[in-house]
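In the two assemblies presented below, subunit A is common to both, partnered first by subunit B and then by subunit C.
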Partner chain A sequence: MKIKTDQEAKLGYWLILPTVLAIGGLILYPVIYNLWLSLHKVNMNPNLPNTFIGLQHFVEVLTDIDFWTSFKTSLIFTSTTVVGTTLLGLGVAVLLNRKFPGRSIVRGIILLPYVTPVISAAFGWKYLFNPVFGMFNYVVVDVLSLMPQHINWIESPRYAIFAVIIFNIWRNFPFAFLMILAELQSISGTLYEAAEVDGATGWQKFKHITLPELKFVIGALVILRTIWNFYKFSEVYLLSSSVEVLPVYIYEKAFATYNFGEAAAISVILFAFVLGFILYYVRKVLEW
Partner chain B sequence: MRKNKILTLILLTVLILTLTTAAFAQTTVEYWTTQTEENRVEIINNLIDRFEAQQDEYKIELVTVQENDIPTKLAAGMAAGRLPAMIEVGAENILKLGAEGMLDSEAVNDVVNSIGEDDLYDGALKMLASPEGGYFGVPFHGWVQGIWYREDLFEEKGLEPPTTWESIMAAAKEFHDPGNQKYGIVVGTNKDSYARQTFTQFALSNNARIFDENGNLVFNSPEMVETLEYYAELAKYTPPGPNGWRDARDLFLAGRVPMMMYSTYIMDDIGLAATDYAGEEGEMIANLVDKTNFANTMKNKSEAVFGQISGFTFIKSKDQKKIEGAKAFAEFLMTGENYIEFLHMAPGGMNAVRPSIANDPKYLEHELLEVWGEKSARIASGLNSIGKFGYVGGKVFPEIGNIASQFIVGQTIMKMTESGWSAERAAEWGQKEMEDALE
Partner chain C sequence: MVGKKSLKNKIIFYVLLMLVLAFVLIPFITMIGSSFKPDQEQTALPPKFIPNNPTLKHYKGVLNPEIFPFLVYFKNSLIVAFLSAGIGVVISIFGSYSFARLEYSGRSIIQRGVLIVYMFGGVLLVIPLFQMISKMGLFDTRTSLVITYIVQTLPVSLYMLGNYFRTIPESIEEAAIIDGCSRLEVIYRIVLPLSAPAIVSVFIYAFMIAWNEYLFASVFINSSSLRTLPLGLNQLFYTQHYIWGRMMAASILTAVPVIILFLSIERFITSGLTFGGVKE
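Presenting the complex of A and B:
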């Protein structure tokens, strides 16, 4: 009997081998290679050796004022977009949960920003914010006279962060909307009926029934959006190269400064930071 | 018996076929170009077909790369050890590859010698020279930059052509009318190559340099501070916020600015209405060719012309066969009608670096070049006297590639125009960044 178990165990190992190889090759190897890079001064020419320099890159990064500026930009970008997409998604989902004619068409249209290819959406917004021909400047400056002169919303380092945040919220709120709407539809109507019998107002129903029921889906949305947006490159860089969030900073370190080692060190620091955040969030906020 | 004969015959045929294909086995040569537009790729593919029809030894594999992606792709290719045999890019990138020791200079010199140094413009050769003598790349085509201006509007207001610092500033002030979305001038004020290119011409005309003759960084010199000061003042008469090449092109064509800095690649856009040339469409002033003139020389303390030379270069390879193929294809592209066909894919923009081709009636016989008339010959003549930051007193400093790829010049300008820094402070900041970049 024992022999058979051994054989079964062997077979088991063979069966999980493809998964182990795939995870090892696609996830573990890049992570370890990145760690290795972060400890070396990497030579551009593959025929020349790399030099081991220990933790020097980490010291350089952590004492670099530009890194901390980028870090701050990333925190502002991530926190505002996470709050913005979730609140907008929640609001729209609650509104579209009511019955009205044409509801399914409206729900479909709401998803458009999320399914539009990012490059075409970014170019559309670039024209919207164009300093001379753009509709945004035309309305704000020429029609409403809210500002004294046209502003380059996309390229100016002072204003571009606003444009990027607005663009990101517009583009990503449908995902929150979709998740929340699905959860809303599963809340039993009897809960609301019982509340009405007790004389609850609309706000009280929302606060004491809807929100608690949505707690986990909103919690999951916040953590996913935080991870995604903290590492967001495409939507930021395609709209404006003037907003130096950390992924853009890493990209420029690696490919404009050709400093692969330092870029790798930054991503290790980010990895540690995000991992710490997730562990804290899961334990304290979600109480899983 | 008969069966055996047939079998032998078949075997023999197979044997001969295998032998001949082995003897004529083709070598594949990978070729990177920055010409990514569809109609240009079509022209290059036609030329490749012609080249492959002429000989059986080599096959060309075309890879197109966006110009702004070139540093990234080169870095990735270098790290992976997977660079192509042949690249067609701007001079700075070639110098950078040369400085990294990646190039087969011998092959480059062979091609230069086979074409003949006499039949290549000195100005173009100088841009690709190696500090140790010889060349890092074979010059292929080039553009000239300058101020494109509305001659009709300048005459109306009785203004001097924008060739000196004073006349440029005076005109910019005169035309600036932001309330009606009309602006004085467009120059580069963003973190990109365009800002470095437009700024360079101002700096050179004020004898300001990034390197002195001994290769020391002198970005904080009094001449440079003076140039930065002037540039920041001029930037007050530009459209809002940082500006790039697209602003220059769109606003000039739409008649929102009377002057802007651009390369010769604007010629086909300006000439659009006058020819059947199929380019991009949009809001545009009528008869713009006749109303436009080009000031390619800028004068302050000295005269300066700026432009770019693109060339071929060959990456060192263990397979000498690939290098031979790349050399053959490079020579093919620079010869007679092949060369003219290539240059005509961006008429006016791309200029010949061989005097024999530049003066060839067949080259000048193009609808767009004819629309520009004698102006086009004068515009192209600037190619021979280009000045650049990486070249001082006959010496080449490939280190400029590192400074260019980080857009430090553009960032320095932004410190003044966006954050309100003084020219002195911005120059010190730029000097420090450049020192770090060269570490």
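Presenting the complex of A and C:
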């Protein structure tokens, strides 16, 4: 039998080899290469040699006011969308966690924003947010008079962040909804029955039974959404390129002004920040 | 009293449900309505969802290669998504079988190593990958996109297929081995046919991710004849094709294939997602 297990192990290595090569070559190597690039003055032509300059890019970036503005935008964008997607997902999941006619169709409809290509959804929202004839301005300004005049929700840097946040919550809350609904359906009904016998109100049941059962899934959703939204590029850039979150800032540094070394340094800083957040969150919040 | 209370609850429930559905659907209704509006109605005030005089001219325009390169972009997206999903599925069939059934030292380390892909978003990889792609002479080729997309979906594909493979009774595989089949024959003759629905779902998932991708495409592709749909449509938005109806028709034609594919595998994907594995 010894020979057989050796053969099995050998086959195991052969079968996993393509995966290891793909991830090593297209994820691990680029990450290390990126670190190397961040320490060099990178030539605009990728085929010409680069000059080592040490930590100079990092000093430049960290003393650049534009970087900190962008960092702040990223923090605002990520924190509001993480809270927004999770709360809306939780609310809708609790709402739909009952039997009613057409339930599976409703669930399918709610998933649509999450599966529609970003480019299509972004065009739809651009039309809604149009400063002149968009439905959003019409309702908010002309019908409800919440604002004194029409606002350019897509191009004004001050207001575009609201559009981007609404768009992101619209697109991503279905994911939170789906995960939380699955968890809700696994909570045993007898817990609620026992609470009802003891005379618990709806809110008490939610607070003392539902929320503790959801603690793990909500914790996981928050950390995943935080990581994803710190790195989020297309959903921001395709709706409004005036919202300079860090990924958009990196993109423009690298591919609009060809400052590859500095852009690489910013992405190293972004990664370090996200990594720090993960370590803190896993230890202090999830208590693993 | 109970009847009254439950009626009130029912009304609250349906009002909330309508609000949720309105929030979800209004962008879609806007897109569909606008894609059928004649030009003068696009910018009419007050805005309306439903056109007064619906027209098919935007769809005809989008599908006419002489005015709009939609079909070129569609073809490019199809090629790139099909190849990257196909190659990705083959790699993940091998990899997930190795994780699910074969024993060797280092397996759990590799298995956990795959998860680190989650830690790196596309924006961290785009600069070094652009440099690598240029050095390899792959700049402005579809190949550059295919190889980049393969790896983006691997963790989820490995996870979903691995879970599925573990549900196949091991005794069937052992019986086949005793009958003289090799492990590779077991994969080919037993595991693959039994896992067809899972394999199709993983393929469609990878296809959707590739169909949707914008960041790498915008950096790796230069020629307009090689642009994929997200890239091509975004660039057209800033040219003379800035005709809302046409952009909306193009957006809908981009979304429809993906939505149909998704609905065909909804049940499998949603149960796969809720077991915890996903990558955006």
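Going forward, the second predicted complex is superposed on the first by the 263 of 288 C-alpha atoms of A that agree within 3 Å, B and C clash if a C-alpha of one lies under 4 Å from a C-alpha of the other, contacts with A are read in each partner's own complex, and residues count from 1 in each chain.
Note that a contact is a pair of C-beta atoms (placed from the backbone, for glycine too) under 8 Å apart; a residue touches a chain by one contact, two chains touch by 3 or more.
In this text the structure is predicted, and so the values were computed from the model without any measurement.
K.L.:
On the superposed three-chain arrangement, identify whether subunit B or subunit C touches more subunit A residues.
P.N.:
Looking at subunit A, the partner in contact with more of its residues is C.
K.L.:
Output check: A:119 vs subunit B and subunit C. Expected answer is one of first, second, both, neither. What do you get?
P.N.:
Only subunit C is touched by A:119; subunit B is not.
K.L.:
Touch test for A:242: subunit B only (first), subunit C only (second), both, or neither?
P.N.:
In the superposition, A:242 contacts subunit B only.
K.L.:
Which partner does A:257 reach: the first (subunit B), the second (subunit C), both, or neither?
P.N.:
In the superposition, A:257 touches subunit B alone.
K.L.:
In the superposed arrangement, which partner chain does A:150 touch: subunit B (first), subunit C (second), both, or neither?
P.N.:
Only subunit B; A:150 stays clear of subunit C.
K.L.:
Who does A:34 touch here: subunit B (first), subunit C (second), both, or neither?
P.N.:
The answer is second: A:34 touches subunit C but not subunit B.
K.L.:
Go through the superposed model and pick first if A:132 touches only subunit B, second if only subunit C, both, or neither.
P.N.:
Once the two structures are laid over each other on A, A:132 reaches both partners.
K.L.:
I'd like to check the shared interface: which positions of subunit A are touched by both subunit B and subunit C across the two complexes?
P.N.:
Residues 42, 46-47, 132-133, 254-255, 260, which sit in both footprints.
K.L.:
Which subunit B residues qualify as touching subunit A in the complex?
P.N.:
71-72, 75, 78-81, 100-102, 178, 181, 190-192, 239-244, 247, 250-251, 256, 402, 405-407, 414, 418-419, 437
K.L.:
Under the stated contact criterion, what part of subunit A meets subunit C in this complex?
P.N.:
That would be residues 5, 8-13, 15-16, 18-20, 22-23, 26-31, 33-34, 37, 42, 46-47, 92, 95-96, 98, 100, 106, 108-113, 115-121, 123-125, 127-128, 132-135, 138, 142, 170, 174-175, 178-179, 182-183, 220, 224, 227-228, 230-234, 237-238, 246-247, 250-251, 254-255, 260, 263-264, 267, 270-271, 274-275, 278 of subunit A.
K.L.:
Over in the complex, which subunit A residues touch subunit B? Could you list them?
P.N.:
42, 44-47, 131-133, 149-159, 241-242, 252, 254-258, 260
K.L.:
Touching residues of subunit C toward subunit A in the complex: what are they?
P.N.:
Touch list, subunit C to subunit A: 13, 16-17, 20-21, 23-28, 30-31, 34, 42-47, 49, 91-92, 94-95, 97-99, 102-105, 107, 110, 113-114, 116-132, 134-135, 147-148, 150-151, 154, 158, 183-184, 208, 211-215, 218-219, 229-230, 233-234, 237, 244, 247-248, 251-252, 254-255, 258-259, 262-263, 266, 270, 273-274, 276, 278, 280.
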